[in-house]
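Next, two complexes with chain A in common: one pairs it with chain B, the other with chain C.
== the complex of A and B ==
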């Protein structure tokens, strides 16, 4: 009867030893390889520091002009450009310029890193069912595991600062682009592929000439989601010492500064909306061009 | 099955007798809420209090987790929770004394843990290699090159307090008072307790130099045998209370100072002071000696024990200590429950 009344759990002492064993082996790993791993990530750190310095040290009108130019290139919409300029002017006027630039720097690098790593991974998943079934659970873990669980080992290995923050952001933000690239390529019409094969396209031609162009709307939705999720991680990244809009939010949470939290939170939202609208508009334009070409 | 039924019957009987005792005891403190602050020593203390008050005095204790600022604000504004076991008052000195003057809050005991302290620390290997920086704050501050900042190695990294903690303002103002920026230092905000602990643990484990804020008694200080560095002479109460602990805009001319003597109180609401009876009396006697607390904290860290497990361990190991805090009657009940 005892068997049903109480769960047959591992002995207390064994469980403790088990946990201590994991900790000790990780500590050993961090002592042995920590410095090598830090050196490996050093170029990334320099790039991040360089980009942040560039954004914070450049005269603010130039930064706004460049951002507006990018918004124009992406969206070709005067309304959006005007909105972007107004938003950045208000952010600067309310004293959040430097924090916003720091956040912008880390989000841009995180997004680039996610795209560079995520799209090839998505293509690989689309190519083979076995790879897909191996990677999908990993993506599930990355999206659902509480961030602090992986922040502990990351901090033990790399300390606090930009690089561990970037890794934390990427772990959380990369799954959508991988998933949607995979999905987009898998959704490409079989008949179109047959036609490509009939014309004698090899794998590369088929991938870059047919599959990726047809999957672009989905891939763009993935890029868009990745940007949104990396912005959502700004506050968590600040908990391991990343400068930016997250720090004032943390300060506001523990001191109950309503206005401070609201302003910085809204600045994060503003960045998100600008990124979202511009990237969505860009995705839509890509589609429009293709449709035009089809008819022509 | 028979065994199971017997067990159930005994449990049922026990519940009945306990309920009977509670209602029979005119001074039972009834239900109360107690802050379980989010660091190990406070977790341990809150859980020890919970076991002793529930088993020994028949109270119903609900633990409410929270940070210093949020807990204090809630006690001050709403009168809930009833008890904050380990309130470090340096962060909330003025509003706390105001609330005490107005009769909303009271101190049940000053210094529930002995030998407490905040300050700046370095790992033992740093202190060994560079003994001159430990006792002379000017020598320390002239060596930013020993503590290179990973993002800008030409500057020294001083790890301050996480965003939003009371000590964050003090560290930021001391950073200005010691003119550390001009001396080649950067103030690093570790963002959270995990960030602060992680950066210190990493440096201590790998034999790297590290300079930053921490406090004792903690498992981190005990485990890595961190060494406190001298911060020079005390700069006076006016400088500290009127400037160092305030926001930057309210502190135009901070002067260098050692860290203020840490006062920790167990704070209770006046309402609870009135209705708590024996619970309040217990709280006023419950003082943990620093070394025992330190040992308990290292135990918690090594065994990955939560506050509840550690509280049981403490009650089992240090019976002679806690039996002095409670009446003989309550002590017997608690021992029986263990």
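== the complex of A and C ==
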């Protein structure tokens, strides 16, 4: 009866050896390749540091003007631009300017990285069902695994710093853009694609002339999601040495500083709302041709 | 007889996981139904042999599921056949490499689709120029060449509209302009007017016939509408369950239906408007009565005869030479429905 009462576990010693084995081999791996991988990511670090310096060192009015200009280009809405300006003024007034700029820098770099990697991956997935069924479970893991768990190997490999933080953010934030690029391309009207074929379009003409333009609303929804998720990762990334709004939140959690946590948390929310509204508005404008409005 | 532009021979298409294996059953006489029930394969086309003459409109007609849309997609190989040949200008389309096929699609054939299939993010002008840009022609020149066709189909002034801003009829004009702009000799039209309102459809048929007068393209036109087939077809092929059951000119189909299926199909047709005097006349070198051009419809001929009070008319060819005579009784007999107790009319 013992068999049913107690789960037949692996032997304690075996289990310990098993775990040790994994740890040892990964440590071995990071010793051998850690440096190479670090060099590989160096340009990314330079870019991130450069952007952060640019944002923090530039006179604040200029930064606000540039941000407002971008908001205007994206949304063409004065209300949104006014809201953006007001939000940044308040953030600065409450002493969170530098942290906000640091966060802005890492979010921008993370988003760019996700776009550069995610869209081609999504295109690849849309092209073949086999690739899709191989990548989908990986994306599922990336989205569901507790972030702390993949922080461990990243930190083992690259130590504490900006780049591991950036990678952690990207792991968490890249799935939506891959998924939605794949979905968007798969949802492209078969008849329009057939027409492209019938006129002799080659692979590139199909992809860039039909599939991507028609999938753009979905791809854009993916970009929007990616931005939102990387903002959500900011606090966790700060645990492994990313500067920005996450750091004060972390400090607030460990010291029970309610106001500090609240203010920085709200600053993250504000950034999220601005990014979201601007990018959604931009996405809507991309689809203007679908509405049949704008006669003239 | 005009030169054959497209020759489709022994074409089979079986849809399913293992079409080659299913072909065995088809050759052994499996019907569409038995192939589906016993072997889980769908017979799309069975032994299609169709010649499409140069510079004519060939209509392929059939109800849904008859395989007509499958057939037209074999001509530019949007669908790969299971077996058979499609010869265009002596060249086997099915043997072409991908590269050759692309060239063929870019320059030799163009297509108009039932649901228009325009690019929603491109304007009317850009859509019309689509085939040209695919050929690699620079935007400017492509736009210039496409403009002519936009004007020709009556869409001048709408160049900067997006498809979603246009009505169905106007969208299909864009589709037509896009197909014509490449100057391809072969025009494939897949139920091109079926999605349009009856009035607009007639309009579009007029545009097409009008264009054909001057362009003389080889047109393959798919439809499920017999009136449309009779109106625009120089020749008609009728498809049922993936098989071609009759081919001929509209007169042939009406006067000599190959089987009950076709008889049933044509019974509601306005025979007086479709049948021409040449099909009902008796051959004669001399005749009395008013002169009737050979392609006069019976109902017009009867009206002419009645108005002058004659029982016979003189049928003349395009040069005005007498080729036969028509009797008022023969004309009335031909117009009456054959399934209402009248025997098949005799002609020629």
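Keep this in mind: the second predicted complex is superposed on the first by the 287 of 296 C-alpha atoms of A that agree within 3 Å, B and C clash if a C-alpha of one lies under 4 Å from a C-alpha of the other, contacts with A are read in each partner's own complex, and residues count from 1 in each chain.
The criterion applied here is as follows: a contact is a pair of C-beta atoms (placed from the backbone, for glycine too) under 8 Å apart; a residue touches a chain by one contact, two chains touch by 3 or more.
Predicted, not measured: the structure shown is a model, and the values here were computed from it.
Contacts of A:214 after superposition: chain C is touched, whereas chain B is not reached.
Shared-chain residue A:197: touches chain C; no touch with chain B.
Once the two complexes are overlaid on the shared chain, A:30 sits against chain B while remaining clear of chain C.
In the overlay built on the shared chain, the residue A:267 is in contact with neither chain B nor chain C.
Of the two partner chains placed around the shared chain by superposition, chain C is the only one that A:205 touches, whereas chain B remains out of contact.
Looking at the shared chain after the overlay, A:189 reaches chain C, while chain B stays out of its contact range. Of the two partner chains placed by superposition, A:107 touches none, neither chain B nor chain C. Comparing chain C and chain B on the residues of chain A they touch gives the larger count to B. Here chain A touches chain C in the complex through residues 189, 191-192, 194-202, 205, 209-210, 213-214, 216, 289-295, going by the rule given at the top. The touching residues of chain A, counted against chain B in their complex, run 1-2, 5, 16, 19-20, 23, 27, 30-31, 34-35, 45, 49, 148, 151-152, 155-157, 159-162, 238-243, 246-248, 250-256. Contacts from chain C toward chain A in the complex involve residues 76, 78, 101-107, 109-111, 113, 115, 117-121, 130-131, 133-135, 161-165, 178, 182, 188.
Residues 1, 3-4, 67, 69-70, 73, 150-152, 162-165, 168, 188-192, 194-195, 198-199, 201-203, 205-206, 302-304 of chain B are the ones touching chain A in the complex.
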